[in-house]
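Comments concern the structure below.
By written order: A, B, C, D, E and F. Residues from 1 in each chain.
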Amino acid sequence: MYLADETWPDLGAYFEEESLAIVPLGSTEQHGPHLPEGTDHLIAEALAREVAERTGYLCTPTINVGVSPHHRQFHGTMWVDPSVFRDYVESFSRNLTYHGIDRIVYVNAHGGNVQHLQEVGRRLHETETAFAVEWMWDESIPDLVDDLFAQNGPHGGPKETAMIMHIAEELVHADRLEDARDGGVPSVDEAGTMKFGARTFYDAADNTDNGVLGDQTDATPEKGEELFEAASEQLVKLCEWIDDQPFDDLMPEPHVRDR
Amino acid sequence: MYLADETWPDLGAYFEEESLAIVPLGSTEQHGPHLPEGTDHLIAEALAREVAERTGYLCTPTINVGVSPHHRQFHGTMWVDPSVFRDYVESFSRNLTYHGIDRIVYVNAHGGNVQHLQEVGRRLHETETAFAVEWMWDESIPDLVDDLFAQNGPHGGPKETAMIMHIAEELVHADRLEDARDGGVPSVDEAGTMKFGARTFYDAADNTDNGVLGDQTDATPEKGEELFEAASEQLVKLCEWIDDQPFDDLMPEPHVRDR
Amino acid sequence: MYLADETWPDLGAYFEEESLAIVPLGSTEQHGPHLPEGTDHLIAEALAREVAERTGYLCTPTINVGVSPHHRQFHGTMWVDPSVFRDYVESFSRNLTYHGIDRIVYVNAHGGNVQHLQEVGRRLHETETAFAVEWMWDESIPDLVDDLFAQNGPHGGPKETAMIMHIAEELVHADRLEDARDGGVPSVDEAGTMKFGARTFYDAADNTDNGVLGDQTDATPEKGEELFEAASEQLVKLCEWIDDQPFDDLMPEPHVRDR
Amino acid sequence: MYLADETWPDLGAYFEEESLAIVPLGSTEQHGPHLPEGTDHLIAEALAREVAERTGYLCTPTINVGVSPHHRQFHGTMWVDPSVFRDYVESFSRNLTYHGIDRIVYVNAHGGNVQHLQEVGRRLHETETAFAVEWMWDESIPDLVDDLFAQNGPHGGPKETAMIMHIAEELVHADRLEDARDGGVPSVDEAGTMKFGARTFYDAADNTDNGVLGDQTDATPEKGEELFEAASEQLVKLCEWIDDQPFDDLMPEPHVRDR
Amino acid sequence: MYLADETWPDLGAYFEEESLAIVPLGSTEQHGPHLPEGTDHLIAEALAREVAERTGYLCTPTINVGVSPHHRQFHGTMWVDPSVFRDYVESFSRNLTYHGIDRIVYVNAHGGNVQHLQEVGRRLHETETAFAVEWMWDESIPDLVDDLFAQNGPHGGPKETAMIMHIAEELVHADRLEDARDGGVPSVDEAGTMKFGARTFYDAADNTDNGVLGDQTDATPEKGEELFEAASEQLVKLCEWIDDQPFDDLMPEPHVRDR
Amino acid sequence: MYLADETWPDLGAYFEEESLAIVPLGSTEQHGPHLPEGTDHLIAEALAREVAERTGYLCTPTINVGVSPHHRQFHGTMWVDPSVFRDYVESFSRNLTYHGIDRIVYVNAHGGNVQHLQEVGRRLHETETAFAVEWMWDESIPDLVDDLFAQNGPHGGPKETAMIMHIAEELVHADRLEDARDGGVPSVDEAGTMKFGARTFYDAADNTDNGVLGDQTDATPEKGEELFEAASEQLVKLCEWIDDQPFDDLMPEPHVRDR
């Protein structure tokens, strides 16, 4: 069920039965010479909408702009400052609870959002407002990602390329895949981003000239479909697991003195 | 040109020539028993994308959740607190200027956003960061709106109904138009919201049982098309006018002592 | 009853009987070559004190500095940033409730404060702290204003000039009224401040060389008295209406699911 | 020169010659059974206006509500939270510098404002925005205060009573002076507010049943006049001293490495 | 009992019996040519740990960096902005109450922290979260300080020198005491920091070339021991007094209308 | 060189030659039944002080309280809210640059601080204020940690136990190691904290009854010494590498349009 397409009386029926919401969040940021800047929000939205359709859970509209200052050197990257992003997500999440929502799955497709969504989830958890968890699609299927690609990226690499080939093939510049690979770096390790245990870079532009990592020529629409299907399954299971838990079990443990 | 569909090298060409961005903003909130909750962001997005296509100006992704606490009593309304909304819009607007954008048109379709977008515009103006203006589609064509409808609403009334009939007819519950009219109030005046010069209500639910005003049965897709076309023309002219101004003319006047 | 003139034991008697406070707010900003910068706070204070005397309701001291950045190019204009103003008003309003106040009338005489006072009123309403409404004197008597003046201004125009002639005639430079008229603009429409539906100016200095609009020579002390009397009557009625409502009726409607 | 009474062209002449502003700040809070709640802002305003008249320096309107939570248990006390007060004062002070003001004297008559005004002054100093100092009238004439009264209070005691007798005698309940004295405490020392070096109270109500300290029967209008005259002289000298300093001398010293 | 040295099960026993915590706070800032920059936090920590040992009360780790911008011109001074300091102290103090702490003694050795700790204490008091008081060692023994030293400083003077001689003699540059005295100023009075009742300086560097006041040659380890012993006794008594009070007695008085 | 032990003239010599500061940060939080709550700050401080001594770089005092709400169910855990922590670290870091510091190494021993220190580092980087990096001791020597322990924890496990055995053996309850192991969980994997790709827990108490993970009986002082030595070497190298870089190389890359 997609919230934005429904009327308020029809949504009333959902809230009588269910208290879970799926919220897609991505970014609008450079993804190399071959992928559209909407890559992350397109993936998040496609997965969230698919799973909402399969399960009947409520999916909200997508948050299209996230925490991407580390891609700002490349034309067109949009971003908000981290504290602003956290407050925006916290605000609409808290307000969703006014209607009876008490568990939220943030369907995320941008690494730069992860810690901020977790911080918001913690705030909602500590105040016993709602149980909200961050879910990043590729972290739900790490083995499959490793199986499919020798050099998976991450940013703008073959796994994201394959996903967009599956979701919106017309937006992939197939003729630039080799350039993407040759103008970027093969992997995070080779980018030399760690020194003596410290992460000593702050921006993608510190590591890669065209903004991407991995071997993009390894992507196909078929692999994209396989990833999409596998991730969707994981997300379905996550939603069902959360829905199944008694609310109290999702809330904080008491202080040890009260056990 | 739609930012989210483009790659960063292709966007680079735009920024070399132009410095204007069109940003659609709406809300996700109840629009009565007959219209989808996405009404406002659907309208804003449709107009912004249309005008971007006609003119070649850059359109960003849509901000789907705005300032709608006054509709919260109706299922599904999403909102962020005003200060959070302002900070979110200010943050991505400021960051757009990093790429060379120095004028922004906020294409807005939600009355509750107006003052907040103007406040953000003022911040950007006072700090000489960019010239950003709020544009609300129906305020650009007041005479046409008055001509077409006897009771135009505003919220969830015939003008919005006609627009969605034109943009996404499948989302309109045509069989509920009479109910919408009969269960709401004819006009703001009849809602009795002013007392001795003061606006004494805070929520839509104070005035209307089903959340809407006006005579929805007066809406047709043809009227919607006429509104859409007329508003688009105004927006085209606004963008061109802003683009034509020297940047200094858009920035604050000096103190009178310096004139 | 004027709070600042009373002792705490004497105020205790008021709080036992009543729970309404009248708070005058204005600005200190340029009002052309002929009017004092205190114009707005002088008007707000005069009306609030008058109505408090007539009705017995409690009037607090005046907030003299408001949201006036749009007049900053003219010498002497004082202002605070909008978020600071909102927080200041919210803070003392919340604190008034500690004594039992649960309804507040913001007697306002500055257009730039309107939206901010309404935003504060909304915060107090949503949190069910108090019912606070913004009241702008000239919006309570629009017909009379239109009747009295061909070109009423608004800013620094004949309606404000007449009011100050009535309240503090010694502060009006009667010998500059023609200059005021000739050096300003006749009306908002002629100032050309709207383009294709968007408000494209941010400062008074964008529109008018001397900071004012309207025909100041149309003002007389008699008209001022008439305005003052009529607005006072409206304010008396508003206070009495609010005082008459049961508190629950002033608080937010429940969610539709709870009706 | 009183800013609120002047027009902008007339103020322009001041700003051409001078860059100092006098800002009166007080509180609206209980002052016992005999004094009006406006006591502090009445005193601040009277001194600031007097000195502005004598010297020709610019006096702004008064900030009537300050930091008085410690008097909240007594009817009618108004207050804003400390951080809100600081931000309000900082905001209008910074904005005054837009007109050329670069030195400000906060004429203060409320002990609870002192540290906050000094904190704001420090912010303006550190950022080299302006030189702003807090001045508290009774701290400028400690010997005279001690000479005139055996038990001077401080809060609501004879020195404040005498001042209001001089400034606005009609607001003093002369028939309650003995009650004021007998229902309060003679001095801070006897209030027992310190324990082993720590200040262990937070509210006036912890120490005194009627909100005041000292022997109010010791106050006369003549003593009030003497205090007023002496404090005014100090304030005149302070303004002149500040006006005489080169701006650089008022700004922060360089780092020792740059000396 | 020192919190950082204990395990959580062992701390559980404390929280069953007691609800008081001692928190040492100082600064890291210049203390002249002869004393280490850690002077203030060393003193606070030594006193807090000593008293915790004598009484069995819980002592937390030390907050080493406080509000010291007024010493920034001298190499190495560390500081945080006042609002940041307040929020940091408030946050951990509130969080301590989660374990059952409801009274806190801030053992302070830096004048610049005083008002900020009192402001935090007020916040905790007003919200009835905890009773927290600021305690400054030298203000608990003013007579002894006056007896021991002709010119006691305050900053970097003989009383602090004597304390560090007692606590960590190896950190005192005994060979620089005369230089310290001769390069500084004898006393606050002689620094000329007050003008007509206003404090007209903001930084230590405005008054003293080497950052210190007083006659450092007057310090001895024996005097340091005497100071340390006397202050410790005061602190013991303060902790015991606070521990003895019923919690309700430490909380705010009710409004006078509820008495 | 330890900042808190030095006088300002002696620190001046350092700032003439060097611009790097080492800042130890930890937490004060439960570390099981066998380790002191100060474990993390003890480790951070020991490493930072050791490396400062070896290299001559400047080490500041330790920040003892960090972001530990996830351990709050266990007695004595102290913490500040994440935004407060970030602001505190940012504030003193920015202020250090006043003295000439332009590169900072945050020596961290608490996982919960990592993302927040990186966020602060990013703020300083984006504003070109300083180059600050977060360094976590055990992430600099992952292979050694894996070699030494079968089940390394992480929280309160053998690697931290061994480190404290080396640094402050008297604080380890050696007789509780078996209990620690048996009452906790062997590893993060066995704690079952991930569900379908999402981290579904927020607190340590969700996973472990006594607050710790791993096999504590595997710890020895010798292993602790080996860890300490290896980590110190890494930190020395990191400091030297950062010191060797030209400042411009550490600052952000320009926008691609400016390359």
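For the reader, a short list of remarks on this structure follows.
Assume a residue touches a chain if its C-beta (ideal position, glycine included) is under 8 Å from a C-beta of that chain, and two chains touch if they have at least 3 such contacts.
Keep in mind the model is a prediction, meaning the values are calculated, not measured.
Identification of common neighbours of chain D and chain E yields C, F. Interface of chain B with chain C: the two copies contact each other largely through the same residue positions, with over half of all numbers used appearing on both sides. The distance from the centre of chain C to the centre of chain E, with each centre set as the mean of the Cα atoms, comes to 48 Å.
Averaged C-alpha coordinates give centres for chain A and chain F that are 29 Å from one another. Shared interface positions of chain E, defined as residues touching 2 or more other chains, are 8, 12, 15, 69, 72, 74-75, 98-99, 255-257.
Chain pairs that touch one another: A-B, A-C, A-E, A-F, B-C, B-D, B-F, C-D, C-E, D-E, D-F, E-F.
For chain E in complex with chain A, the touching residues are 8, 12, 15-16, 98-100. Considering their complex, residues 3-9, 11-12, 14-15, 28, 30-38, 41-42, 60-65, 69, 72, 74-81, 84-85, 87-88, 91-92, 95-96, 98-99, 171, 173, 176, 211 of chain F touch chain E. Here chain F touches chain A in the complex through residues 69-70, 72-75, 82-83, 105, 115, 118-119, 121-122, 125-126, 133-137, 139-141, 195-200, 202-203, 205-206, 231, 234-235, 237-238, 241-242, 252-257, going by the rule given at the top.
The residues of chain E lying in touch with chain C in their complex are 255-257.
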